[in-house]
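Heads up, the next two complexes both have chain A, just with different partners, chain B and then chain C.
Up next is the complex of A and B:
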């Protein structure tokens, strides 16, 4: 039982952090632009493909692996710039239905591009050699890559919290999220802030793609399970709240992991029960949006 | 929907237009009826699927285009109908086929009712979207755990039904016979939806879509009519699924996820959600794009996705909306 608990805890935290790496960009853009970007998962997928193309199937070292993920982040961030200019930037003041549908169209487009470039074959990527082993904690073996993902997730959260709560940039973003018009009148370049937020969110998606591609079968659908959990986390956490999303991701990861270990015959069902309970009992989420992130 | 140009144009088609359209519709129905004699079986299968997709898309658009609610989990209803009918035929439930279809529709309505009374009153917008996505995924998981429903492999080898008419019987085991049954059933369902939308009920739905607060002020029970719309939509989607099971003869989990749920949205948006026939036109356009690009991997997604983005950015009223605008411009130009 204790063995299993350690296993559940680490696996749960690792999935939670993986969900968070995907969900962070999603919730960021939602908090500031009020856009739920359905294409976020597709850009995560493109990030994974780009990392695979640059870094190959077996990365040479941990630093090369992280460097490749950063390159993927830059590439996807650039795509974010283009996407913002041509699509998202034009959706600032329209009904959310149209936003959902336009970003869905974008998602299809990205999948088509990925299929045309990389085909319908499956690829796989190894974790970097330094973390391709397991350590013994208690009496269960935990893969070092799992611990790496947890560490990167925690670091990403710490950086985002720092930016949002302790830095000038975060204050400007909170001001824009709260009241773009007012922020504009006091001299903040609102379109620039919005554009940079989109770029940051896309870069995060690309980075997540690079970091999370080991242990996944890389295909056009690599993002679909992550993005689904990311949506659930964004809703449970309170739309637009990074802290709420972080907690919701951990919750989802632990519930999913406990479900898979203790009730494997009904794997994957518990998170939906969790979501249903949350939506009915606390539809505003853990940290409801008050204009601030 | 605040922008006035995005709402339905109030212009009624003139009488000659109506005659032309009716004549066009009649010719189309006759052609569809004799399709088994005119096209090869592969194409006939695609035509049948387009009919089913049209009904499915119309069911979604009743919610979105006419009541202003977006369901992102409509595949769940479709799957309920498809799996129920598939199981019923495969395991030989002692139900006449028409009753099976009706029960499938009622099941869809019941599920919609439960979701409606629990969630629709407090959830709208993105919350409703995420909830419907999640419920459909959960349904997919449950089906995946159920041996009687084929788990991950789906329910295959579904026999086509024979309808007992007392003295004689209607044998639908041949694909041509089932196709004609399918055509008539789809036309009846589409006719039913047309009637709903053009009745007092449909006008109430539209009042809610235009402005829920104002509708409440004039005494419309908004929550109740939203649930009713959700139920009709769920029942129709389930019926589309139910009709599909004997046509494809296999029901799989591919039909129960959030990507499958986006198919009716796609078709409605492509064709134009502000017009009754938009979803039907969209289904035809989508099927055609898929058919012509089937040898180029990725091209159909790029085309459909790209078209969708362009439609939202340039012409949110879809293909029919663009045609309507062109027509007004041309006729105005003629008069000037």
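Up next is the complex of A and C:
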């Protein structure tokens, strides 16, 4: 039982941090632009493909692996710039239904582009050699790669918290999120802040794609395995709250891991029970948006 | 009746009759249209597109040799999108266009929609890739012919093949999706391992179940690592299987197990894993041109040549042969019947024996189940492109491993002699 609990803890944290890496960009852009970007998983997928194309199936070292993920983040961030100019920027003042339709179309477009470039074949990427092994704790085998994902997830949260709560850039973004008109009257370049927020959100998706690709088959559907949990985490955490999303991701990871270990015959059901409980007991989420983020 | 009215009626009747005759003559002298319905998009596309390529090559080969019944074959291709409802819609559309010869069902999910429809459409339907038991049991009708082994034959033969090639592996375990197919394939595999183990001293541990579309297998992998098994059957298919191997490799599962058999991804897994392919991975297969018995079969050599010429790819997937074989079964049936009429083709196919790149095949008359040799490939990593290789092929005569024919009756393993 103790061994199993240790495994559930590690596995749950690893899953939670993987969910958070994907969900961070999603909740970021919602917090500032109030846009629910249905294409977020597609840009995660493109990030994974770009990382594979640059780094190949077997990364040479841990630093090369992280470097490639950062390059994927830059590439997807640039795509965010283009997307903001031609799609999202034109949807700033329209009904949210149009935004949902537009981002859904964007998702289909991205999948089509990926299929045209990389085809329908499956690919795989291995973890970097430094973490391509496991440690045995009790009777549990813990992959070092999952520990790396936990570490990167925690680091990403710390950096985002630092930016949003301790740095001037975060304060400006929060000001724009709270009241863009007022922010404009005091001299903040609101369109520029909004555009940079989109770029940051997309870059986070690209970075997540580069970091998480060793865990999953690379195909045009790779995003779907994470994006559902990312959306659940954003809902449970409170729309637009990075802190809430972080806690929700850990909760989801732990619940899913415990479900798979202790009640394998009811695979996946606990996550939906958790969601149902939150929707009934705390529909506004853990950290409801009061001006967001 | 006025004379003018009578003349008009006669003229209209004659015109209609001539028109119909002309249409009939056109149909008899134009290309012979064959409907093809595979999963060409969606998650079933990696399988469906390989079947499609094999079927295209079969049509091309027959046309090159002068066609069928003096007519060229024209494939009318539709995408069933790996969707049962879509396969039904496609079949109806093709039948509506006057096509009564259909090849489809690259996977069970679409075959289950297609099979019951065949009598209503008065069509001959080749179920090309669906191994689900209902096709030749409770859903059986005389219009359908299945050109792959069913699950019972396939996975019993697989278990037998692996225990015969690895008699030193005494303890086995399976990981499979928690559904009909996953439970059945693991059960058939495990039963055969126990039955054919030398001295019947093999132990098969309880199957570890997961979700067929799961993306995280760490819990199940941990359970496998903690078991005493040395032989593993992986019943997870498609992209999920590759994720399983990615996650398993990192915790040392490759070192723990002496042999792994997988459900039938074959080269899809080899291609995706490349140098990181498990070194003793056995897979359900259909064809490998470089190895015997295919190497000395002229039909295999021709298929390989035609594949390379039409694609430029020197590494054809094994499923291409299954697609070619399915089409050839129908073409040979038409050739033998000397007609493309439904009843004549059915009658001809029931007694048909035809040659394929994998050896001679025939149909069991009672349930239209293909009788053929089942092949299993041993795969491992390679330093050369495509970075995996097939080392050898094992084979089992499927006629030894088939359940008794029971068309119309639901399959239950408890009904078989143990």
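Assume the second predicted complex is superposed on the first by the 290 of 293 C-alpha atoms of A that agree within 3 Å, B and C clash if a C-alpha of one lies under 4 Å from a C-alpha of the other, contacts with A are read in each partner's own complex, and residues count from 1 in each chain.
Methods note: a contact is a pair of C-beta atoms (placed from the backbone, for glycine too) under 8 Å apart; a residue touches a chain by one contact, two chains touch by 3 or more.
Note that the coordinates shown come from a computational prediction; the quantities given were computed from them, not determined experimentally.
Peer 1: Under the superposition described at the top, does placing chain B and chain C together on chain A give a clash or a fit?
Peer 2: The answer is clash.
Peer 1: Would you check which partner chain A:15 touches, where first means chain B only, second means chain C only, and both and neither mean what they say?
Peer 2: Only chain C is touched by A:15; chain B is not.
Peer 1: Please indicate which partner A:60 is in contact with in the superposed arrangement: first for chain B, second for chain C, both, or neither.
Peer 2: The answer is neither, since A:60 touches no partner chain.
Peer 1: With the two structures laid over each other on chain A, which partner does A:239 touch: chain B (first), chain C (second), both, or neither?
Peer 2: Only chain B; A:239 stays clear of chain C.
Peer 1: So in the superposed three-chain picture, is A:138 touching just chain B, just chain C, both, or none of them (first/second/both/neither)?
Peer 2: Neither: A:138 stays clear of chain B and chain C.
Peer 1: Quick one: classify A:231 as touching chain B (first), chain C (second), both or neither.
Peer 2: first
Peer 1: Figure out whether A:120 sits in contact with chain B (first) or chain C (second), or with both, or with neither.
Peer 2: In the superposition, A:120 contacts both chain B and chain C.
Peer 1: Which partner does A:215 contact after superposing on A: first (chain B), second (chain C), both, neither?
Peer 2: second
Peer 1: Could you look at A:257 and tell me whether it touches chain B, chain C, both or neither (first, second, both, neither)?
Peer 2: second
Peer 1: For chain B, sort through 38-46, 182-190 or 254-262 and name the stretch that clashes with chain C after the overlay.
Peer 2: Stretch flagged for C-alpha clashes with chain C: 38-46.
Peer 1: Pick out the shared contact residues on chain A: the ones touching chain B in one complex and chain C in the other.
Peer 2: Touching chain B and chain C on chain A: residues 120, 265, 267-268.
Peer 1: Give every residue of chain A touching chain C within the complex, in rising order.
Peer 2: Counting only chain A, the residues touching chain C are 7, 11, 14-15, 57-58, 120-124, 126-127, 132-134, 139-146, 214-219, 221, 225-226, 256-257, 260-261, 264-265, 267-268.
Peer 1: Flag every residue of chain A that touches chain B in the complex, lowest number first.
Peer 2: Spelled out, the residues of chain A in touch with chain B are 36, 87, 90-91, 94-98, 100-102, 104-117, 119-120, 224, 228, 231-232, 235, 239, 265-269, 272-273, 275-276, 279-280, 283.
Peer 1: Touching residues of chain C toward chain A in the complex: what are they?
Peer 2: By the definition above, chain C touches chain A via 43, 45-46, 49, 178, 208-211, 214-216, 218-222, 225-226, 239-240, 242-243, 245-247, 249-252, 268, 271-276.
Peer 1: Looking at the complex, which residues from chain B come into contact with chain A?
Peer 2: The touching residues are 1-3, 64, 70, 72, 118-119, 122-123, 125-127, 129-131, 133-135, 137-138, 141-142, 145, 258-259, 262, 265-266, 269, 296-309, 311-313, 316.
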